[in-house]
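Two complexes, one shared chain (subunit A), two partners (subunit B, subunit C).
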Partner chain A sequence: MTTLDTVPPTTVRGARTARAWRTLTSSRTAVIGLAIVAVHVLIALLAPLLTSYDPIANDADHALLGSSWSHWAGTDQYGRDVLTRVLYGGRYALGISVTATLITVALGTVIGCAAALRGGWFDDVLGRVLDAILSIPAVLALLVVVTALGTGPAVIVLAVAIVYVPQVVRVVRGAALAVVPADYVTAARARGESTWSILRREILPNITDVVCVEFAMRASWVVLLISSLSFLGFGADPPTPDWGLMVAENRTAITVVPMASLAPIIALATLVVGLNLAADGLSKAWGVDRIREGS
Partner chain B sequence: MLSFITRRIAAAVGTLFLSSILVFLAVQALPGDVATQILGKDATPDAVAALREKLKLDRPAWERYWDWVWGALHGDFGTSLVSGKAVGGEVSMYLGNSALIAVVTVLFAVTGSIVLGILAGLYRDRWPDHVISTVSLVGMSVPEFVVATVLVLCFSVALPWFPAVVLYGPDASVSQLLPAVWLPALALAVVMAAYIVRMARTSVIDVMATEYVTTARLKGLSTWRVVTRHALPSALLPTLHVIALNVAWLVGGVAVVENVFNYPGIGKLMLSSVQNRDLPTIQAIALISAVVYVVCNLAADLATMALNPRLRTRGRTR
Partner chain C sequence: MASIVSVNSLSVAYRSGGQDVPVVHEVSLDVAEGQTHALVGESGSGKSTIAATLLGHLRHGSRITGGSVEVSGADVFALPARELRQLRGGTVAMVGQNAGHALTPSMRIGRQIAEAGGDVPVVDLLEQVRLPRPAELARRYPHELSGGQQQRVAIAMAIAARPKVLVLDEPTTGLDVITQRSVLDLIAALSDELGLAAVLVSHDLGVVAHMADEVTVLRSGRVVESATTRQLFAQPQDPYTKRLLASVPRLDDTGLAVVGEAGEREVRPRSEVPVDAPVAVSAQDITIDYGSTRAVHGVSFDVRRGEVLALVGESGSGKSTLAWSLAGLRTPSGGTMKHADGDLARPAQQRPLSLRRRVQLVFQNADTSLNPRRSVGDAVRHPLRFFGTAADRPEATERARQLIADVRLDPALADRLPAQLSGGQRQRIGIARALAGEPDVLIADEITTALDVSVQADVLRLLDDLRRERDLACLFISHDLAVVRGIADRVVVLRHGVVVEEGPTETVFTDPQHPYTRQLMAAALEPDPDAQPYVDDTADWADAADGDDIWTEHGTDGHRVRRWRPLNAPVAEGAL
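== the complex of A and B ==
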C-alpha cells in the first residue's frame, strides 16, 4: 500500500507517455506521416550542407536550364538552382507554419478550456463572436490583416492565429466539455483551486491527445494557407526561397522548364501529406473522433 | 419545432450583426488616411479636408457604421474609391461570374465525392478503398493553386482543350465565360471533394454496420437497394454540413483559382481591391460572403432537421 501511495507523479506521467508512444508506434500511418515530416525538418535544417549553390544569387548565363548533372532540377528564369531553392524553401514554410500553429493551438486550447470550464455567459458570448469570425473567409481576413500591418513573418503568424483560433477553440471546447463533469474536476473545484490550476492539472492532461491531433491537422492547413498567401504575392517577399512563391514565379515558364514549378509542388505536397497522415494516424491510434469533435 | 427554427434564425441574424461590426472595425483599422491616399501626398490640407467631408470621414465611427449597415440593407454599399461606380452593382457583376464557378464546383464535388465515398465505404479496406482514400488524401494535401497549375499543364498546354487564361472583362456574357469555367471549377472541386469523400466513407461504414441494414440484407434486398435506401441518405446528411462549412473556404479558394486563370470573378475583385485599398468594396465583399456563409449554414441546419426525424423532436442541436 505504502509503495503505491508514494509513487512519484513523474513515474505516472512517464508510464502514460510510454503508453501513448507505444500506441503511436503501433499505427503505421502515424509513423509514416511523422517520418515524412521529420525528413522535411532535417532537409530544412541541413540545406546548406546538401547543396553548394546560393538560393538567391542570380546567374543570368545559366537561366532556364533543364535537368542536368550540375542542376538536378534545372534552373529558373534568374539562373538560380531550383533544387537548392526547394531545399531552402522548407525553412520559411516550416519556420512560419510551426510558429503560427503553436501560437494558434496554444491560444485556442486556453480559450477553449476556459469556455468549457466557466460556461455561462462567457461561453455564449464567445461562441457568438467565434461564429462571426468564422463567417468571414479566411483568405480575405488574412489579406486585410496583411495589408493593414505589412508583410512580415510576425504579421503572418498573427494573421493565421486570428483566422484559425476560432476553429481550434471549437474543437478543444468540445473535448474539454466531456472532461468538465468528471468527479475529479468537481473535487478540485470543491478544494477551491483556481481556474488556471484546474485547467492545467485536471483538464489539459486529459485532452492532450485531442490537442496533439489538432496540432498536426491545423499545421497542414496553415502550411497550405501560407503557401497560398505567398502564391498570391502577400506572403514571402522575393527573392526569399519559398514554395508558394516559386510556383508563382515559374508558372509562366511552365512549358519551358516544368521542373521549376513541379519541384516546389512536390515538396509542398509531401509535407502536407505527411502532416495529414500524422493527424489521421494519431487520431485513430488514440481514438480521437475528429468528425464528432466538429473539425 | 417552430421555436427551434425561430431561435436558429435569430442566432443567424445575431451572428451577421457581429460579423458586420468586425468587418467594419477591421477595415477601419487599415492604416493611412483614405482622403490623403486618393489625393496623393502633395494635396493641400483644404482639399483633403473637403474630401474627408465628402466621404463623411469626419463623423464618428458608429455613425458611419450605422449609415453603412442601413445602406447595405437597402442594397447601397457606397461608391468604389477606385472606379467611382456603385459598389453594389460592381460586386454583383463579379459575384455572378463567380457563382457560375461555384455552382459547377459544388455539382462536380458533390456527385463525384458521394459516389467515391460510398464505393470506398462499401469496399472498406480493399483496393478500391485504398485507392480512393489515397487519392483524397493527396487532394486534401495540395493547395488550390497547385491543382490549378497542374490542370493548366495537362488540359491547356499538353492537350489544348480549355483556355489557360480568360481574356474577357467582368461584363462578359455567360456564353463567353462558359469554356473557361471548367478548369477553375475542377480545381476547386478536387480539393472540396477530398473532404466530402472522407466524410461520406465514414458515414457509409457506420450505416452498413447498423442492425436495420443487416435486417434489410436478411430480407433479401439487393445491395443496390440497400445502398440507395440506407447508405445514400445517411451519406448525404453530413455532406450538407461539410458543404455549408466549405462555403467560407470556397470564397478564399475562388480568390486563388481565379487569380491563376485571370477569371473575372469575386476573388479577382477581392485581390485588386485589397491591393488598391478600396475600402467600400472590401467591406461589401466581406459582408456578402458572411451573409452567404450564415445563410448556407442555416439552410444546412434546417435541412438536416427536415431529413432527420430525431432532431426534429429534440429542442436544440448540440
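== the complex of A and C ==
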C-alpha cells in the first residue's frame, strides 16, 4: 500500500520535470547558455587537475613572459602563470556570485510573495522602502557597504543582497500577484493556513519559472558587479586569483603582456554571456511553453 | 427568401502533435435575411469557431479543411485582405461576450464608436441602443459604465456601419437576469428595425428560445439537429437534444430534474427538512463594509442542518460578500454570526481549528479553484492532514480516495493534474476538498454558473445527495432562479445588500410578493419559445421600511416581505 501511495506524486512530479526539461532542450539559446556556464563550473572545480602551476606562488625569474609552450597565456609581473590564475579565478567569481545570487533570489522571493499575499500596509510600506533603495546606484551602494563593513566574502554577499533584493522583490511580487486572487489561495486562507504554508504550497510552485529566470539573470549581473568590486580593490584581496583583480593588476603591463589582462576578460565575458543566454532561453522556453501547451 | 449567410459543409481543424484535430466537421447552415439563427451546444462543440468564420477569422493554428462560408454572396475565405476588412464591420459585425474587455479602457465611448465607421452620428447610435443621455455618455470612459451599458455600447459599435449580419457570441453571458432580458430585447428590436440577420451563439437554451427563429444544435463540431425554434423545442428529434432540453432547470420544477438516456425527465421531490433540525449557523443583523461602501446592510438568517438556504440576487447584491464573511475571509462590521461550535464573526485565522473545519467553501470557477501544479489527490489530501481529520499520510491518502469516490468520481483520477480533468470533474474535486474538513456548513458560491447545463444538473444532484447523506447545512448562492427552485428549501432574496423577501421556496415561487422578486422571475428565460412570463411584471416601487416596522408577514411559514409602496400611489400596498 505504501509503495502504491508514494508512486503517484512522483509520477506527476516526474512528468512535470520531464516537460520542463523537454521545453528547455527545445530552446537552443538556453542549451548553449547553460553549456557555457557548465563548462565554467567544471573548470573551476577541476582547476587543480588542469594545471600544475601554483596560482599564487611568485617566481621572479619568469616574470612578464609572453605566450610559450610552458606558459600558454604567459606570466604576470610576479611570474605567476596567467592561465592557471584564470582557471582558479573562476572559483572566487562563481563561488561568491552563486552564494550571493542564491541568497538574493531566496530573500527576494519570500519577501515578494509575502508582499503580494499580505497586501495592505505591509505591501505599501515595503514598496516605498524598496523604491528608496532602488533609487541608489548599485555600485555606489555596494561601495558604501564595503567601506563601512570592510571587505571579505561575507560582506560582499551581504552587500549584493542589499542591492539586488529590491529588484527581485519587484519581479516576484508581480508574478505572485497574478496567483494570489486564485480561488485555491482563497481556499487555503479560509482554512486559516499560515502565510508561510500558503507561500510554499500554493504560490511558489506556480512561479517557479519566474524565479528560475530571475536567478539566471541576476547571476550574470552579480558576476559583473563582484568583478567590478575586485577591480576597484574592494573585492578579493591580493594575491587571490580573481578576474577583476587580475585585470586591475595587469592593466599597467597591458602593452608588454596583453594576455595577462585579456585572458581574465575573456573568461568573465564568456561566463556573463553564458548566463545571459541561459536567462533569455529559459524565459522564452517556459513562456512559450504556457501558450503552446495551454496550462 | 434569399439567404445572406450560407455555410456549406464547413470543416475546420487545428494541428497538434503533427495531426489534424477536427473542431468543426461538415457543418452547413443558411440564414435568411432578417432571421436569427442560433448555434447551441456545450463547451467544445465548435459553435464559436463557426461564428468567427463568418468574419473570416480562425483561431491561430486552425485552418479550413473543407467547405466554404459565403456572406452576402462572397466567399469569405477567398476574399483579398482589403475586401475582407470591408466585410468585417461593413457587412458582418460582431458582439462578443465580455464587452468590458472589448472596449479600449483609455478611450472615450464616443470616439470608440466613431472609430467603428459608418455615417450615423454617435449620439443617434447611442439613442438607438436606448442609452439615457447619449451626449453626456459619449464623453465617458468604459469603466464608468455598468456591464449592461458596456454591452449596449458594444452593440452600438457593431451597428455603426449598418451591417447586414450581426454575429452575437454569448452576448449576455455574465450579465444579470434583468440586464440580460433588456439587452436581448434591445437586440431583437434592432434586428427588426434594421432588418438584420443574426447568428446567435449561446449555451443558454432560454436565450435561444427567446431570440431565435431557427436553431442548430452542435456537439463536438457536428450538427446534431437543425430545425425551426418552435419545432425544436416542442419536438426535439435527437436524443442528445432531448437530454439537453430536459437538463435545463425550470422555474416551475418542484425539485431537481433527473434526466434519462433518451431525454425523459423526472422531477425528484425535495427531501423534507425535519422540523426539529438544529440550527447550524445563525446570522443576525450582519453589516459588511468595503471602506465607506456598505455592501451588506442588516441581513439575518438561520441555516439548519440538512437544509439548503438560497441567497438570490443580482451581482452587487452582497450575496458573495456574505458568503466570504461566513467563511472568515472578511470580518463583518456589525451583527453576530454564530455556529454551534463558536463565534463566526472573526477572521478564519483567529477561529479555532475545530470551528474552521466546520464551515467550508466551494467556489464558482472550477478552473482557478485547484492549484494547477498539484495533483487533485493532493488537493483533497492536504486539508485532511491540515485539519487533522486523517491521522497520518497513508490514512489521508486512503480517505482522499474515499472522498473522491464520494463525489462520484473514479479514485484513480487522484493522480491527475487539474488541467487533465473536465470542468465538472474539477468542480466535484472542489466539493471533495471542502468535505475533507468534515464540515456541517457548506457554502456553495455560484458553483454551477460556469458549467454546461448537463454537467450543472449532475453537480446539483450531487450536492443534494451529499446534504442528505451528511446532513449538511448548505448556503447556496445563485442568480439563477430556476436552479434555486430545484435545490433550495428556503430562499432569501437580496437587493443592494438588503433582504427584500424570504420564505420557503414553494411559497416564494408560487406567491412572490415583493416587486423585485417578481421582476427577477419575470426576467428569467424558460427554454420554451411560447413561454409566458412566469409572473406579470410589476410597476415601479419604493422601499417603505422604516424603523422597526420592516416586515410584512405572509402566512405562518416564515414568508415575509420587506415593506414597499408602489410609486405614484401613496397607499402601502405591501401592508395588506
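We take it that the second predicted complex is superposed on the first by the 280 of 295 C-alpha atoms of A that agree within 3 Å, B and C clash if a C-alpha of one lies under 4 Å from a C-alpha of the other, contacts with A are read in each partner's own complex, and residues count from 1 in each chain.
The rule is short, and it goes like this: a residue touches a chain if its C-beta (ideal position, glycine included) is under 8 Å from a C-beta of that chain, and two chains touch if they have at least 3 such contacts.
Because the structure is predicted, anything quoted here is derived from the model rather than measured.
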Comparing the two partners subunit B and subunit C, which touches a greater set of residues in subunit A: B
Touching partner for A:T240 - first (subunit B), second (subunit C), both, neither: neither
Partner chain(s) touched by A:G192 [first = subunit B, second = subunit C, both, neither]: second
Which superposed partner A:L140 touches (first subunit B, second subunit C, both, neither): first
Partner chain(s) touched by A:S283 [first = subunit B, second = subunit C, both, neither]: neither
Contacts of A:T255 with subunit B and subunit C, given as first, second, both or neither: first
Contacts of A:N206 with subunit B and subunit C, given as first, second, both or neither: second
Partner chain in contact with A:Y184 - subunit B first, subunit C second, else both or neither: second
A:T104 touches, of subunit B and subunit C: first, second, both or neither? neither
Touching residues on subunit A, where the partner in the complex is subunit C: 1-2, 5, 8-9, 11-12, 16, 182-184, 186-187, 189-193, 201-202, 205-206, 294-295
Residue ranges of subunit A in contact with subunit B within the complex: 128-129, 131-141, 143-145, 147-149, 220, 224, 227-228, 231-232, 244, 247-248, 251, 254-255, 258, 261, 265, 268-269, 272-273, 275-277, 280, 291
Contact footprint of subunit A on subunit B as seen in their complex: 11, 14-16, 18-19, 21-23, 26-27, 29-31, 137-138, 140-146, 149-150, 152-153, 157, 199, 202, 238, 248-249, 251-253, 255-256, 259-260, 270-271, 274-275, 277, 282, 285-286, 289-290, 293-294
Complex contacts: residues of subunit C adjacent to subunit A: 327-329, 348-349, 351, 353, 356-357, 360-361, 363-365, 368-375, 377-379, 382-383, 386-387, 393-394, 397, 414-417, 419, 433, 437
